[in-house]
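Right, I'll just put the structure down here and ask away after.
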Amino acid sequence: MSKRSWYYFAVMLAMAAVMVFAAGAPALQLAEAQDGISGELSVMGFSLPDEVATVRVDRFRELYPDVELNITEGGLDQQQFLTAVASGNAPDIVYMSRELLSTYAVRGALMPLEDCIESQGIDMSQYRQAAVDQVTIDGQIYGIPEFFNVILVIANTAALEEAGLTVDDIDISDWESIAELNEALTRIEDGQVTRIGFDPKLPEFLPLWAAANGVQLISEDGRTPNLNDPKVVEALEFAAGLHEAAGGRQDFMAFRDTWDFFGSNNQFVQDQLGVFPMEQWYVNVLSDVSPDAPVDFLPFTDREGNPISYVTGNAWAIPVGSSNPEAACAFAKTMTEADAWIAAAEERARLRAEAGTTNTGIYSANVLADEVIFGEIIQPSGNEKLDKAIEVAVAAMDGGFGIPANPAGSEFRQAWQDAVNRVLNGEQTAQEALDQAQAEAQAAFDEAWMFQE
Amino acid sequence: MTRLSRRERRVTLQQRERLAALAFISPWIIGFLVFTAGPMVASLVLSFTNYDVINPPKWVGLANYQRLIDDPRIELSLYNSFFYAALHVPLMMIVAMALALILNQVGRAAGFFRTVFYLPSVTPAVAVGTLWLWLLNPRVGLINRALALIGIDGPGWTTDPAWIKPGIVLMSLWSVGNTVILYLAALKNVPIELHEAAKIDGANPLQRFRHVTVPMISGTIFFTLIVNIISSLQVFTEVYTMFFGNMRSGTASSAGLFYNIYLFRQAFEFFRMGYASAMAWLLFIIIMILTFIQLRVSKRWVYYEGA
Amino acid sequence: MAVIEHSGRSPQERLADMIGASGSGIRQIIPRLLFIVLLIGCSLMFLAPFAWLVSASLKVRSEVFGPEWIPDPIAWENYVKVWEAAPVLSWLRNSLLVGVLAALSVTISSALIAFGFSYFRFKGRDALFNLVLATMMLPGVVTMIPVFLIWDQLGLVNTLWPLWAGNLFGSAFYIFMIRQFYLGLPRELFEAARVDGASYFGLWRHVALPLTRNALIVVFVFEFKASWTDLVKPLIYLYNSDLFTLPRGLKALLDQFGQGGELQWEIILAASVIVTLPMIVIFFLGQRYFMEGIATSGLKG
């Protein structure tokens, strides 16, 4: 063939190849109109990191063999989701943090689940109220809750010993004593911090500190931010002040970044941290990678001494453009029902027994599951400390509260997190920063609630 | 067929040529109308609406532009972008020129080094951002470790707001290779006779540089100046990879909030496509003004041979 | 590269030739050698990040930030983990496909369009060309959202089409560059072909094209690089992880395993190497064209 023809041939070939590839890409989802639940179900925002996920998913596959699951693994990428919805390619079911869910619900991107709950016979009372509240907007439920992450305090007993203290000396309700503890446990060598005394986990845990001081960051109806409440300001000032002992925020953060957080050389093993509040799933990590680390656990309390916990978790929601809402509903129900959690817990117990590590439980947001899991499946493991951790975490669940459903999740978070950062950088005082955040948040809320009207 | 007069034939030839030319150019014209002009108009219209992608756009008149004025993060992000550009462009050009001058002195050996310098430019921006996030880490990153070797206590590149932008500039200098090659080629284009003549007249190297080299390569310098300013105001990928994405919040949320990043967040995380469009137009106008100024000023100092 | 004549040149003279010294005496060689040393120093600085990247990617997690340059033990499994965690092969395939299509289409279309602007003389030609140039000033973000909506209307979001099909309409930068080359071709060649009865398309195809082959290769290589390294388009248009290109995939891994996820940095770094390597290989193969391309693009600026 002449050279010219080769040109065209190559181009044609390329185009053909592209069309073949491109055609295969977006999966056509046709929910077949059969009696049973069937068809394809595309899932976005979920991953399968461990047996807790895979056991429940496998169970769903067994119960609904006619449904073809298509899980796009990976945490929810907001921009991805938005693009998908915008182009009419919304996934059939989406998994996202409860905090974010109301943002989409308010804008009409998610289906209210009344019909789904009725048709599938989902008993909402099995879920913890705090979790359900987070996914209820104006009386409508938009999500089925999954996971109930509570916070407890983890302490490095080796560091405590060095300072001549024990766990019982830690009094979270007394903020002054926390500051003293921080001073005592912080270690500086050659002008560089080598152990952080007390890490208040700013900016993420501002809601926790505010609650410890008796206030929430938003009003209960989710319409009015409460960021510059004097008690919030006080809480921020206190928590931010804890960074000073380590030589200021930058040194603190740079050091913290280098921890092998999820690994066997984590900050407790390496004696790089004294005490910090943390979500309970971290106890799982510790029991996995460093069961012999010198740690002890205690509840996080407010200034009155009551155990409190700022709760986070996810939920299953059905986007408005879902092409298989029936299967989606069945999926949400099946993944979060007590039997699913129990099966997962049993598998976890089995695996842990085999590996010789401790089973620290599953915090599912399902009360019925909790009873069985913590009543029967979890047995005293012989590792006193970890058993104690489980006790503390379980008790914390009852005192759990979540950020109320609000329509401007991302922006609200940006407003207060940026405020905290500005304070930590010394750019503004706590009052100034929170005043600014309050104004931004209020504007964002007002705008967002407009969509509901 | 009647015989056309020469004049008529010329006219027809002209017309035919015109049509043919348009035929060749037509892909661009279509592309321009569909992907440039049309969207420009559309984005202008969008900038007068509130559009969250999920629901249809809602007309709000000048509200987005009013917001541009009221929003403190606009000022912040513009400041960040300009600060970065002001640091990056001159440094980039100076370093590139210095390297090019040295390369010009070593003859054939330049080939190898040229390649080395250009290598970082072919690295995908995401990888660059990821890599430099760790190179710049104040405690374990290479940069501070190298500084420590000569006794300097390196700053908090990724944690100290005052050093975040300089850190990003440092990262950008790694990709200076592109400009080096350009300058090197321009330098080689300076006729050696001019240098010889100047030498005969007794000019020292510095004088030769000022009076022979610079004017001869001024066109290239100007080109890189404009291109670099425009692109430095649109930095996105590296910084986004390093400091944003996935609802992460760190020190950089203020100091590293570049204009395009804020625009992206407004569009895709806060559901404000209309506002993002207004932001885009603001940037466009700024760039146009800057380029216009530069074109004007350039008439004074840029020398075009045979222009 | 020209061959150094070996006949009758001492090693010193040959060294002087190589480093561009004007003579082979000590006086001429020393400064040049100093420059070379300087350049070697700079090169090490430029290459150090790469070295660190490879080194760190082969370390076990707790060692990743350790000061040693040679990993001990060498954790090849990091790369295996990346392979298992993500459809890297698909990403590679997508990047290649999109890169080739983007480069091919922009080269052909820009060559056609540039011809329209160079061979022909018609009223308004220069004005129209200035418009073409002006579009280079347009920030991508201005048109980003409406263009997205266009592709959306066509039902092509979450496919690979939007990543390259826009190139079918040419690109101002390349049009400009190719036009420069066409303008340098002697008009007589075209006239001769006209006399032989060539059509306008024939003029382009048989006269212009072959004579500017090098420029076209340069355009191809350039656009390939630009497409390969682009993040914004895949970020906006793709959400099935099988469709990702390498940069988009890396970002996804970063979100999953990096700061947003489990802090498994060794995986991220290994993935970074995987993402960067193909481009470096391609670069070495096409080096000559890269260098030429950049050089010519700036000169006539």
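When the chains are written out, they are named A, B and C in that same order, and each has its own residue count from 1.
In this section, a contact is a pair of C-beta atoms (placed from the backbone, for glycine too) under 8 Å apart; a residue touches a chain by one contact, two chains touch by 3 or more.
All figures in this text were calculated on a predicted structure; none of them were measured in a lab.
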**Request:** Name the chain whose C-alpha centroid is farthest from the C-alpha centroid of chain B.
**Result:** A
**More contacts between chains, A-B or B-C** = B-C
**Prompt:** Distance from the CA centroid of chain A to that of chain B, rounded to the nearest Å?
**Reply:** 39
**Item:** Mean-CA-position distance for chain C and chain B (Å)
**Value:** 16
**Message:** I need the residues of chain A touching at least two other chains; which ones are they?
**Reply:** 75, 77, 79, 83, 86, 258
**Prompt:** Residue numbers in chain C touching 2 or more other chains?
**Reply:** 65, 255, 260
**Item:** Sites on chain B at which at least two other chains make contact
**Value:** 137, 139-140, 246-247
**Request:** Write out the stretch or stretches of chain B touching chain A in their complex.
**Result:** 50, 52-55, 72, 137-140, 156, 158-161, 246-247, 249-251, 253-254, 264-265, 268-271
**chain A residues touching chain B - in the complex, by the definition given at the top** = 75, 77-79, 82-83, 85-86, 103-104, 107-109, 192, 203, 249-251, 253-255, 257-258, 408, 410-411, 413-414, 417-418, 421-422, 424-425, 427, 436, 444, 447, 451
**Request:** In the complex, go through chain C and note every residue touching chain A.
**Result:** 61-62, 65, 97, 100-101, 104, 108, 148, 152, 155-161, 205, 235-237, 239-243, 252, 255-256, 260-264
**Prompt:** Which bits of chain A are touching chain C when the two form their complex?
**Reply:** 4, 10-11, 14, 17-18, 21-22, 25-26, 44, 47, 72-75, 77, 79-81, 83-84, 86-89, 258, 260-265
**Message:** Considering only the defined contacts, which chain B positions touch chain C in the complex?
**Reply:** 14, 17-18, 20-25, 27-28, 30-32, 34-36, 38-40, 42-43, 46, 99, 102-103, 105-111, 113-120, 122-127, 130-132, 134-135, 137, 139-140, 142, 145, 174, 177-178, 181-182, 184-186, 189, 219-220, 222-224, 230, 233-234, 236-237, 241, 245-248, 260, 263, 267, 273, 276-277, 279-281, 283-284, 287-288, 291
